[in-house]
Structure formats: structure tokens, C-alpha cells
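Next come two complexes built around chain A: one with chain B, the other with chain C.
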Partner chain A sequence: MAYSDKVLDHYENPRNVGTLDKNDPNVGTGMVGAPACGDVMKLQIKVNDSGIIEDAKFKTYGCGSAIASSSLVTEWLKGKTLDQAAEIKNSAIAEELALPPVKIHCSVLAEDAIKAAVADLKSKQPA
Partner chain B sequence: MTVHTPIYLDYSATTPVDPRVAEKMIPYITEHFGNPASRSHSFGWTAEQAVEEARDEVAKLVNADPREIVWTSGATESNNLAIKGAANFYSSTKGKHIITVQTEHKAVIDAVRDLERQGFTATYLAPEPNGLIDLEKFKAAIRPDTVLASVMLVNNEIGVIQDITAIGNICRENNIIFHVDAAQATGKVAIDLETLPVDLMSFSAHKTYGPKGVGALYVRRKPRIRIEAQMHGGGHERGMRSGTLATHQIVGMGEAFRLARLEMQTENLEILRLRDRLLSGLEEIDEVYVNGDMSQRVPHNLNISFNFVEGESLIMAVKDIAVSSGSACTSASLEPSYVLRALGRSDELAHSSIRFSIGRFTTEEDIDYTIALMKGKIGKLRELSPLWEMHLDGIDLSKVEWTAH
Partner chain C sequence: MDLLQRNYFELLAIPAQFNIDLALLDQHYRQLQTEVHPDRFVNASPNERMQSMQVATQVNAAYQTLKNMTARARYLLQLNGVDTLDENNTIMPTDFLMQQMQWREVIEDANTHHDIASLDALLNEVRSIAKSLALELNTQFNLKTYLDASETVRKLSFIDKIISDINHAIETLEN
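Coming up: the complex of A and B.
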């Protein structure tokens, strides 16, 4: 299977691998996928007092495209508001990484992980 | 220490032709090019003599009579010829039921499936979790109309050795023709067809340092086993397999099997030493599982699953070693190995398995490089894996409610 250079770069040098304290009220955690399907993504975002995402971390069990998709979105998320983050579309991820059709689901999973992390964070914040 | 990457650890897929074998083959391409079936001149006689010397060597390795060896194009053809040939010959007198095993090579399974389409019925036995057949389950599968059983000697994916003597004896007691696929066995385990209760046995040259494109089928003479030809033509090979003999290929197979007979005992001790070194190195990694029985196994094979690492990313990570994976990349998705699934391995463990197969030209440096590579890459992928993190936190992953997609 041929991977694009961008996928290979993120696979070889993944950005922002790690874990944030999921009990921190300013941290939102999204975990999507299932081991039996071959992909599990855990994405965490941390907002500052102005509601801007100042940190993002991921861990991914999955193929090279799944690792690259989650690594890429951690870069994109930093500096965005939660509403801007929720607007990131899988098609943009797939386009940036030149994912082949059979790997589009990796970008869908990354979008789902963002939405799950944002929802988790919003549920923690006082209305 | 220098190693050349990628390191070849896929000897169960194919082996390089031994230089001594290649040397012996070359004159039969250019110089002694005669057709072994030409009876009227010395070109033919020379070729025929070479073919018969090679037949002797193949027979000697497995302690058979040379007249029991039929040349084919490889083990796939031998399996097809044995299974279809015997089933069709004996079905009218014995019946139309066949017993085989879920972990057989596709050349056996698909040949049996083809017979099913022609009105035969088949039982595909499930192996035990260690890959071996429970003899009681084999006995229970026998029916009055069972005509043929086919069980491989050494499994290609997990290297386990089936108890061919015991299974063969059961077949004898029940008047069932017994075929054994020994493609992965020659040069690895001793085979004595004088004593083994086996009627038909398939061989391949290229798994034993011979050339690709040639194999053989053993067809027992006492008691005489009959098969229907699947290839029709000039009536070569006592009418069982027509087609001009590929003299140079056959010479290569003969020389490869001769070297195996002379060297297998010492060679296998060294391969066992390297296998044990590889195993103890890899067992320093947490959460690794050996697939297949460790005692009833050829030393050449080590099949290991690395838990909490995804299969495709594992293949990407180990590109410096040439190995086989439990995941077969199909166009749309990864398919876990049907052999590992038959052992009851989960999809995840089947996907994240690697078959290391060691051979004649493997060095200790190759093994040490492989151990270091695997430790580094598995560590890196687990650093990335949320499943590994959950495992370290003591979370039982089977109890987690996943969002399937």
C-alpha cells in the first residue's frame, strides 16, 4: 500500500503524542473507534480561560493513516475556539493527507474524535 | 557488525536457490538441453539420466522408492493432483466424503471446495488452540463414505507438526486414502515413507533451497494407490502427469533434496539455536503471544502476536525485515489470517502477528538486529496506543463499551 509523504511524515514523527489530565475541568477527552475495527483514537484538548485551545494531545491505535489523521488534527486544533474546532471537516483532513478512498474512514474518525472531545469539554464547563 | 537490510526472515514463503544447486542446474539449460522423453539420441538419454538421478535423490530424502515419485510443477499442483485424482478414482467404490483441516494451505482447501462443487461433501476440522488436531475429533469425523483425508505435516504459518503416524493409522483402519502436504516439511523434519502410513505426499523444491516451478507427488506402490490424471497429453510420469519434464528444474530439486538429506541434521541444530535466541529476545517485550504449539514445531518458524499494536502500522514499522504478517492486505481492508482465526485468536491478535521464518543463511547478527528493531518499534507503537495506556492503567479492554464504526 502506498502512503503519501505527509502520512509517512506524521507516522514517523507523530506530533503531540501524550495524555492530559482528564479530570482537569479545562480538558476535554474524546475516545472513538473500537479495537475490533482496527482503530481507536483518543484525542484531548485543553482550553485557556478565554476559551482558546492551547494544547492538544492524542494517542491512536490504528493504521498509518489513522495515526497521521489524529496527529494532524492536534496541530490544527491549537489556537482555535471550540466552535472553530467543531467545524473541522473530515474532507479537509483527507485532502491534506491525500488519503486514498479506503482510508477515508480514518479522517472521519478524527472528525468524530474532535466532536467527542469538544462535547466532553462543554459538558464540564458551567453553562 | 553489519547487516544488510531488509533482512530476509521469510524462508517459509520461499528460500533462495542454494548456489550449489544453481551451479548444478545451469548445464541442463544450455548444454544438456535434450528432451528426457527423446529415446533415439544421446541428448535425450543424458537428460533422462539426470531426471532419474534427481528422482533417486528426492526418493532418498523421504525413504521412498524412486518409482513412487511423480514430477509436478510444485506443491499446489501435487495437492490438486493427489486430492482430485484420488477422490475421483475411488469415489465410486468408497464414497464421496473428504476430511481435511481448517488450517491447511489454500491449495488443499480450495481443491476440496472444488470437489464439493462436483457433489462431494467435506469436513473441515477445527484444530485445537495449539494448532494440533485432536485425534478423537478426527475419528469422530469419519463416515462410512469417507474416501480421503488430507492433513499437512508442517503448517506454513505456525510451523506445528501434526501427528501424521497416528492420523495415518486411523485412516488405514478405516480404509481411507491419506494425503499429506509436506511442502513445508522437507529438510526440516525426518520423513520415512517406508514406515509412515501415508498414501500420497506433496513436495515442493523452492521451500528447500531448490528452484521455483517444480515439485513432486509421492504415490504409494505397496499397497498401490491409483489417481486419475488431471493433466492429459503424452502420458509422461506413468500416465499420472503429462507434460515435457523440466530437466533443469528437476535437477535442481534433486540436488536441493540431496543437500537437505546430508545437512539437515546439523543445519536444524543451528536454526534451533537462532530461533531460541530470537524467542528469548522477543519475550523480553510485554504482552507477546506465541501462536501454535512450541514443542510439536519446526525450529524454523516463530509466529508471534504483539498485543495492543495494530497490524498495518506494525507492518509499516518493520520494513527493515522481510517477514510475513497475519494480516493479508486486500483491496478494501485487512483480513486476519484464517489459520490464526481457526486457533481461536481474536481479530486483534491475529492482525498483530508476525511470522519470522529462519533458514540456511540466517546469521546471529540478523537475529540480534531483529530483536532490537522489534523492541524499538513495538515500544514506539505502544507509546502511541491508547489501548496500551488503558492496559497499563489496569482497565479490562473487553469490558469497555466501544463506539463501533
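Coming up: the complex of A and C.
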């Protein structure tokens, strides 16, 4: 199956690969996995004191589409508030990367990773 | 020919349970395969030929599903009205996913360093976890705790994938 140019670009030059300190109170970590293909994705976000996401890192083991989906969302997340981040939909990711129907679940994985990271961060911060 | 209406267990005359007699499965499969083989229907009517073809396909699908532990469990859950949601359920226990990550890192390092020994060690470790998950699954089916069983099936899907990736890595390094 042919990957789109955007998928290939993110796959060959993934942005923001890495790890943030999961014990930092300003860092939220989301771990998700897709049983259908065995893909595992870790997404981390770091907010500044105004609640804006200033850094995002990911580590994904999976196919090109899963890597591209997580790489893309790390770019999208920077500069957003947590609420804006939680609004990112898998359909937007799939559309941006021109994912074929069989790879839609990779974008679902990325959306769920964002939600998990936001939830983790919110649970760490005083209400 | 009402064979097409039967579920996979009925088709292969195997009790619909998680632990099955694999030798019996093989035996029934071979018998049935001979009976419905399209070669036996060359002189039959086009309609009968078509049906024998459909049944042969169904028999193969049934055998492939029941032979594989994870696929069998997923199918058995489906018969009990539980979808394992392999496509949509991405929320797994964090420690389980952390372990998946660590294993993937071991494979990556082993590939870099041509380290077949550590891949063999990892394969043994993962296989022993697969065995204990199979025991867990058997208990869950006996207790009819299908939602728990569904999570165990999802775990086994990850384990199957990593076992095939390790085997692939070993083959690649050996060549």
C-alpha cells in the first residue's frame, strides 16, 4: 500500500521524538495501544504556568501511519491549551495525512493518546 | 447442505469452549476438507459446485480461526455477544503498555547489535507470559467473565504481534 507524501515525510523525519520527565507536575503522559496491529504509542505534553502546551514528545512503535499520526499531533499540540488539545479529532489527523480507511485506527490511537495525556496532566494539577 | 449456517465449532464438530483438542480439530478438518473438496464436484451442477466452493472456504476459515488460540477466544467471545474491540479500544493497563515499549526497545537494540541471544531470551519470556495469559483466559471463560476475557484477548493480540516481530528479527539476523 502506498503511503501519502505527508505520511512519508513524518515517517522519514519524525518531529519531536523523545521523552519528557513523567514525574514533572507540568508533564502529562498518555500511553495507548492498538490490539489490532500491536502498535504502542507514548505521547507526552508539557504545559507552562499559563496552561499552554509548550512542548510535546512522542515515542511510537508501529507502522508508518501510526508514527506519522503521533509526529503530526506533537506539532499541532504546541501552543494549545489543554481544552483545545482535547478537541483534536482523529478525522482531522486522518484527513491531513490522507490516511486510507484501513489506517484510520492509527489516527484514533493518536487522538486517544492526546486524551490520555491531558487526563494524566489534569489529574496531577490542583483543581 | 446446511453447513453454511453452522458456526465454526459446529462445522468442525468441536465443543464450543476455549480449551479444545487440537488433534481432534485437525482430524475433523481433514475429513471435512476431503468431503467438500471442489474436485469432488466437477460433475455436479453449477449450483452444487458453487455451494461446495463456499463450504470449502468456510471450512478453511473455521479451521484457521479455531487453530489459533487468540482468534479462537475472540470468536468464542463473539458467539457470546462480546466484541473484543481490537480496532477501537486503545486503553490498556499502563504497566502492560510500558512492558510492550520495553520489549520493542530490546528488539531495536538487538537489531542494532546483531544480538540473537537476547532475542531468544525475550522470545522465551514473552512465550511464558502468553502461556499464563492462556491459563487466565481459560479461567475467565469458565467463570463466564467475558469482559475480563475480552481484555485478556486484547493483551494476547499484542503478545502475538511481538512474538511474530521477534521471530522475524531473528530470521533477518540469521540470514
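Everything that follows uses one rule, which is that the second predicted complex is superposed on the first by the 123 of 127 C-alpha atoms of A that agree within 3 Å, B and C clash if a C-alpha of one lies under 4 Å from a C-alpha of the other, contacts with A are read in each partner's own complex, and residues count from 1 in each chain.
Rule of thumb we're sticking to: contacts are C-beta pairs under 8 Å (C-beta built on N, C-alpha and C of every residue); 3 or more make two chains touch, one makes a residue touch a chain.
Bear in mind that the values here come from a model prediction, so they are computed numbers and not experimental data.
Engineer: Does chain A have more residues touched by chain B or by chain C?
Structural biologist: For chain A, the partner with the higher number of touched residues is B.
Engineer: Touching A:Y61 in the superposition: chain B (first), chain C (second), both, neither?
Structural biologist: both
Engineer: In the overlaid three-chain picture, which partner chain does A:K42 touch, first (chain B) or second (chain C), both, or neither?
Structural biologist: Both partners, chain B and chain C.
Engineer: Contacts for A:V32 in the overlay, against chain B (first) and chain C (second): which applies, first, second, both or neither?
Structural biologist: both
Engineer: Shared contact residues on chain A, chain B side and chain C side combined as an intersection?
Structural biologist: After superposing on chain A, chain A residues 31-38, 40, 42, 59, 61, 105, 108-109, 112 contact both chain B and chain C.
Engineer: Chain A touches which residues of chain C in the complex?
Structural biologist: Touch list, chain C to chain A: 84, 86-92, 94, 96-98, 100-101, 104, 153-155, 157-158, 160-162, 165.
Engineer: Taking the complex as given, what residues does chain A use to touch chain B?
Structural biologist: Touch residues, chain A against chain B: 1, 3, 11, 14, 17, 19, 31-42, 59-64, 66-67, 102, 105, 108-109, 112.
Engineer: Mind listing the chain A positions that touch chain C in their complex?
Structural biologist: Residues 31-38, 40, 42, 59, 61, 105, 108-109, 112-113, 116.
Engineer: Would you pull the chain B residues touching chain A in the complex into a rising list?
Structural biologist: 308-313, 316, 329, 331-334, 346-348, 351, 383-389, 397, 402-405
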